[in-house]
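The two complexes that follow have chain A in common; it is paired with chain B in the first and with chain C in the second.
Let's look at the complex of A and B:
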């Protein structure tokens, strides 16, 4: 009886946004009298960081510090329509809508500043620190607060903007499946190392090495939390989770977290992540959206690693000890492959 | 551990931005870590009533009679809801996108098609009283045969799960009982391949498992409106669904949500909001309807199971010449979103590889189990498991390192994809190279030298000279809506996608589509037609006369703003 190590690999791409398009999101941006901005959305922050990433996008576009922006979400009386938080669409769709809204508000702010400074608004730039100045002449400046005050109390302008992002609906050919599913893709490759106990059939994930390409990482900390958590979910899907353990039979369905199996803290493997950033031409500042796809490569990589370790192909998820053990027995014992050992060709 | 490999694609980025790219702390973190962020369940009104559902103990049964008399007289019971209390007790989620036929009641009236399907809802002063009254509702069941396996369900003579789809298959484009992908000629390529590699893969049903179970609290607001605090992932989707099922103008509903205790796709089905609001309408008091953990796990829609068959034709050197898929999505008893996920999945095939011949038949199958819905990677995760497990078998068949095999077959900028669009902005090869390097795996020289930016396009960017088409699975007499139907609506040129950046936005990006004619929408049953092989398909069968038009009166239509057809 022995523990067998094995390595498995998988590579994937992932479509960003609702398939075929036709899924608009809108944003409204407005300034308080003193140049503090609110972004109104009906989008949902599920914990993925919708409020935070749209806040950074708004601040970047407006040219103000992030502290000058707050994002308000999910009130149907105040937030304009958004299709919803799913399909990895939040950053891409809502982010683009926020850019458009913030650009409109920024244009008013710069017009107001230009009137105060008696210059052409096209000559003005923002420094991201709360100042607007003439390009090349930093001394000819006005604060964003003063510009917004002047707009609202002297000039009678509303410093506000509207944004919508819509990729028009693509049609599908019933004969060939020809369609325009999405406008950009994220990518990932991942190698998993597992340890399989040939006496119990248990599989432990020992290590994960990955590369995720997700367009520009708009907030590297939010990217990290998505990738770490998503890979955990992929590992959990591969080895633990199901509502119907004997699918298609409906028996033995779990009804609570005692019976619905998931890996605990002791089961989590070290995960060495590399992030590659190839900006999406139509993404907000090139961002794509790491949310969903980070789980996907883990499932097949674990299945391939189990085969590498003991020579048993498990093509039905989850890879339970029962299935592994039955496979080992059917093969007359563990048959290690070691096809991806360090230095192997 | 995380590293950002800025050297890749550096010339495609400007990394000197003020706020974007910074590890800024989350806007809502203080509320979350101090336990003060308000979730839907924190809005506990005075006099809040609690709703619990009476559920089917059977996989499939006719309802002869529902007797609520005893339950109504139980302590604390204020009202018992049954199907006839719901103003419009039939819906399909994607009707808001003009896709699919209304097929699912909020509370079943004539039959149940899965174990756990709700048939009545108790509204009581306390949750315990509601639970006690649930046990006193008497339902006279006529238990019917059921079917749980996707391939059993599509055999002739299988029990009919959902009356709208008599063959237990969703109908695509009003034309076929599956979604097709046809690119090149797989059978011809199989004949000249050195290896044929086949596999069968089964993705299991999975619970989204949010810490916060799905739910909503609704209350009468002043001025004849209703407020609804909800855990939804899609505020206007849930609002639109509630407005439709309650036949209420959307502006009489005030939905508030936005802080959600985990979604992962399980909070889009919009089942709680209509019932909670209906309770508030009929009792005049605030009502809460939320699942307990058992309901979340067993009657809350999971990631649906998927079964995939893959057949590859491979050349001796590892190039994949042809790939054929047959897929079965287990939609459960109703459609929810599975039909949509299949189109997404088909657009994803054959994975991130350039394969000159691809063929797929993917079926959305109804079975007597809890309806499936979205979950992280919806439409993609299951088939990616199949594809990448299969790639490992292909590597073994040709005796290649699995990473070399991926890079050899990887798509690159300029390649034609099977859905007939040119690939751009690709980066699979670089991801493979980085992982191989980190893991100490020696790749072939050609794999090390490969790049997503080079050697794509050209011959690889051309459409196949010949594509084998067929009419297998033709269906007549059913119309599942105009969503994404080629030739359905008068065309218009694709609008340019606005480019983010600092330039002023162009004018509005959305232009309304001209209205289209309203086609027939009979509730007729499907008929299957024998398959045939030809390169030029005969004209589609004639549509039946417009006799039983079923107007759909969604209270709110996204179609008017998303450019879809309006009825």
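Let's look at the complex of A and C:
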């Protein structure tokens, strides 16, 4: 009886967003008289960083400090329409809608500033610190707050903007079956090392190496956070989570966390991540977004690693100890595909 | 049945409130006292989202009878910050991106605080052990482990 090491590889070509009847999201941006901006969205932040990223995008486009932007995703009844936070679409779809809305609001803000400064709005620039000034003449300036107040109290303008980003429905060609459902793909490659116990059938993930190409990383720490957490979830799907393996029927299935299993903090493995930034032509500031892709490649990579370690090809998830043991028995024992240098680590 | 008056110390301040007969500590804290920081995850002691300390020991509030805290000191995540100043553990969780949806965070913070209070310089294995009763769906645990180790390091420096 022995522990067998194995390595598995998987690569992924991942579509951003979906195309069931078209894929739109809207954003509305308006200023308050204090010169702060509100971005209204119906795109819910589940913890993945939707609010942070749309806030950065709005601030960058408006030319104001991030601290001056508030993102409100509170109410999908009253907010502008969004398809939702799924399909890895948030950064790409909603980010583009926010850029459009913020550009329109910025144009009004510059018109208001131009009227106060008695200059042409085309000559104005923002410094990102809350000031608008004449290009090349920083002393001819007005704060964004003063411009927004002038719009509100003197000029009778709303400093506001509307944005929508739509990937229209792609019809299927009846002759060829061809369609173009997606405009933007992200990519990843992942290498997993596992240890398989041929006595118990247990599989432990020992190491993960990954490379992700996901456009420009608009917030690198949030990207890393998604990749680390997502890989854990992929590992969990590969080896633990299921409602199925209970006998004799589904009424004996898991109803709580004692039976619906997930890896705990003692089951995790070092994960070495490389992020390749290749800005997407149609992404907001080149961003695509990590999304669901951060979990997906782990599953096939683990399955391949188990095959590498003991020669058992398991094609039904999760890869439970029972399936591994049955496979080893059917093969007449563990059949490691290669011997890895065990002393190397 | 009559409600039971319970006098106890919550996050350093004496509190008095009525508990329903048989009420667990989680419901008592959330509905009776109004401290919403302990979370209801599973209600049967398997997720750790309701973790509090009673006289410095971690307990699962959902499995604890409210009456049992009479005269004792209860700590929840709501008591970690001092005014606008975050507790070093909260700072470390923020710096290390150790929260995403945030639902496990109050329980994680209390498990971590109980660890650091009895063991100011824990090893990685001791941190893992301390949070092994707290389930997290988002982070993959690594950022949480890093945050707790960073907080311990910061405290050692101070």
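Quick note on the criterion: the second predicted complex is superposed on the first by the 322 of 345 C-alpha atoms of A that agree within 3 Å, B and C clash if a C-alpha of one lies under 4 Å from a C-alpha of the other, contacts with A are read in each partner's own complex, and residues count from 1 in each chain.
We take it that contacts are C-beta pairs under 8 Å (C-beta built on N, C-alpha and C of every residue); 3 or more make two chains touch, one makes a residue touch a chain.
Remember, it's a predicted structure, so these values are computed and weren't measured experimentally.
Q: Is A:159 touching anything from chain B or chain C once the two structures are fitted on A? First, second, both or neither.
A: Once the two structures are laid over each other on A, A:159 reaches no partner at all.
Q: Name the contact category of A:148: first (chain B only), second (chain C only), both, or neither.
A: Neither partner.
Q: For A:256 in the superposed arrangement: first (chain B), second (chain C), both or neither?
A: In the superposition, A:256 touches chain B and chain C alike.
Q: Given the touch rule stated above, what does A:229 touch, chain B (first), chain C (second), both, or neither?
A: Second partner only.
Q: Check the residue A:205 against both partner chains and state whether it touches chain B (first), chain C (second), both, or neither.
A: In the superposition, A:205 contacts neither chain B nor chain C.
Q: Chain A residues in contact: does chain B have more, or chain C?
A: B
Q: Could you look at A:46 and tell me whether it touches chain B, chain C, both or neither (first, second, both, neither)?
A: both
Q: In the superposed arrangement, does A:310 touch chain B (first), chain C (second), both or neither?
A: After superposition on chain A, A:310 lies in contact with neither partner.
Q: Go through the superposed model and pick first if A:264 touches only chain B, second if only chain C, both, or neither.
A: Second partner only, chain C.
Q: Using the superposition described at the top, list the residues of chain A that contact chain B and also contact chain C.
A: Chain A residues touching both partners: 46-47, 49, 221-222, 224, 228, 230, 233, 256-257, 262, 271.
Q: What residues on chain C touch chain A, complex-wise?
A: Chain C residues touching chain A: 42, 44, 46-47, 97, 99-102, 127-129, 131-132, 135, 137-145.
Q: How about chain A: which of its residues touch chain C in the complex?
A: The contact residues of chain A facing chain C are 46-49, 221-222, 224-225, 228-233, 256-258, 262, 264-266, 268, 271.
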